[in-house]
């Protein structure tokens, strides 16, 4: 696609869309939305970029290897966060009873491990969306 | 009759879910186009999601976020909504996987019609002898 | 350290395969390493399951509970490892190990390049983790999520074969299985609406207190769940996807799908029926008669269909339909003997059927042909493969000293206890038909004149896998001790209302 307006508007908007996605991921434990919805927004930003600027430029932004790595380690991150509880002598995925400071209600740094787990999930979801999209359009072409 | 109508009015989300479910199941089972089958699956799953969310809803209830000013507010039950988020994720992945399979089928058979594919496969079997 | 592992073992057996699965794609370029990691994971997994089983046996079958995140039962997700879970875990891990061995270095002709092979292993481990999760979870929604993970991995495994037939079989499987999951989710939804609980124990208490107020909803729930799990575990009239999917999948995948995956859904159904509804409510609703009837139809029809197949893997796939019938028959008879028989038969069939499918895979890969009528001479040229096949067949028929006998014997005792003449007849008829569709294969392979071909047994890991499975069959038959003990305890647990 060579639409000038589309490209300019996308260039202006996409960074903010991504930032919004990150915001939703990071505030998942204190406000509606969360890692899944935020991850989708981040993933969709990449998908929109690829549909507007073409497959080649899209792949240049985020390579196949990068999505594969992020996908694997996003999930592993979740597992590691779960293991924190085990190492502290509490059950898997434990949060408060593993002695983690929950902070003040409503603050960004509250909720103990939940925010960190959400980060892993969000990364994972966005990379999965990107992988799915690329798999489909690459099979077509 | 009045009683039945009253029940219908009060429980309309469940009836909507039932109708959606039947539409979905009917589409899956009777259409031979693979895309339509997939759409049927999605309609059917939406019906179930609707049923769950209707079960968790309290009419006039607030968003289930802790409000320190008045902690006695009636909130809707957040659990079904959270569960259905998981359900939606699952249905998205099923859809994505099915679409990928449809692409593969289209590449090897050149059609997205289930009946046509079955015919082609039978011919293939007859020619090849073994698979 | 040991105490820590002991406490967390119920969750480790589930998350270990899952997390190994997620690391695997990063190793895709070194396929040997991937295979090594997968095999060692299954070994570790088997040891973990064995240790857990011994713990439960020492505790006299008292279930080990585990609350995820430290949230107790009605709020959080509770894992509970009892005799049933242990038996199932042992079965899953014990079958995965030989299958992983068999797959090592043997996937290229059916699946393709290293990347695709890695994806195959990822799906295997995901399926394994989901099955382990089904065994230990006691949360209804968790059951649904695990069922979905297992279903998607199963479809992925079927479609991993580089053949258009596989894609079609996988698509049909996916559509029917998703229909099944929607029904399962609907059933769970009905249960949640009337009980307000997702934990099996709490839901069961509430359900048995209030079910008379909502008889229609209870009926809807139980029929949704029965049809949903019936589609997934290939109960007879709903089995249509199974023969295509299981015969189109790569052989190690067929072994896992037929041996384990189908039983995972059956275990979920057992848990939902007996732990949530409870045996009293099932009998009140008359469900046990429906289950028995469906089981009997499945045994007869599955066996008859198997008789008419000339393709080896299809015949084995229909045989799975028949054996699923035994599971449902035992569930329907609903006494301790029949349930113990069902559970033991489930485990022994897992070993037998994976042995059969792996042997069939080796034969098809060597001869390049999957017609039974053209298998002449295989017995002499591939002695170890065919010996394993024979041991497994003989066991499936139910000849004493082999594992299939013990399961069927207990089922027969159960049907005597229930006083169901027809069930006794069908159990015996099933065995006879089983002999009728399996023994001709052995006859053709050993006694028909061989063509001048140079066929050989597969490589060392494959041979080891086949020998391990055959040895497992004989071990389960000669010394069923701890396994039968687990099955009997599990049966008693299921029958006692909590």
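Remarks
A, B and C label the chains in the order they appear, each numbered from 1.
The criterion applied here is as follows: a residue touches a chain if its C-beta (ideal position, glycine included) is under 8 Å from a C-beta of that chain, and two chains touch if they have at least 3 such contacts.
Just so you know, these numbers come straight off a predicted model, no measurement behind them.
With centres defined by CA atoms alone, the chain at the far end from chain C is A. Geometrically, the chain at the heart of the complex, using CA-atom means, is C.
With centres defined as mean CA coordinates, chain B is found 25 Å away from chain A. Distance from the chain B centre to the chain C centre is 27 Å, each centre being the mean of its Cα atoms.
Put simply, the C-alpha centre of chain A and that of chain C have 36 angstrom between them.
Touching of two or more other chains is recorded for residues 104 of chain B. Listing the residues of chain A that touch chain B in their complex gives 31-32, 36, 105, 132, 135-136, 139-140. Only residues 63, 65-66, 68, 85, 89, 96, 99-100, 103-104, 107 of chain B touch chain A when the two sit together in their complex.
Listed in rising order, the residues of chain C touching chain A in the complex are 4, 8, 11, 15, 18-19, 22-26, 28, 66-70.
Looking at the complex, you find that chain C touches chain B at residues 141, 144-145, 148, 152, 155-156, 159, 163-165, 167-168, 170-171, 174-175, 178-179, 181-182, 185-186, 189, 192-193, 198, 248, 311, 368-371. Note for the complex: chain B touches chain C at residues 21, 24-25, 28, 34, 37-38, 41, 44-45, 47-48, 51-52, 55, 79-80, 83, 86-87, 90, 93-94, 97-98, 101-102, 104-105, 108-109, 117, 121, 130-131.
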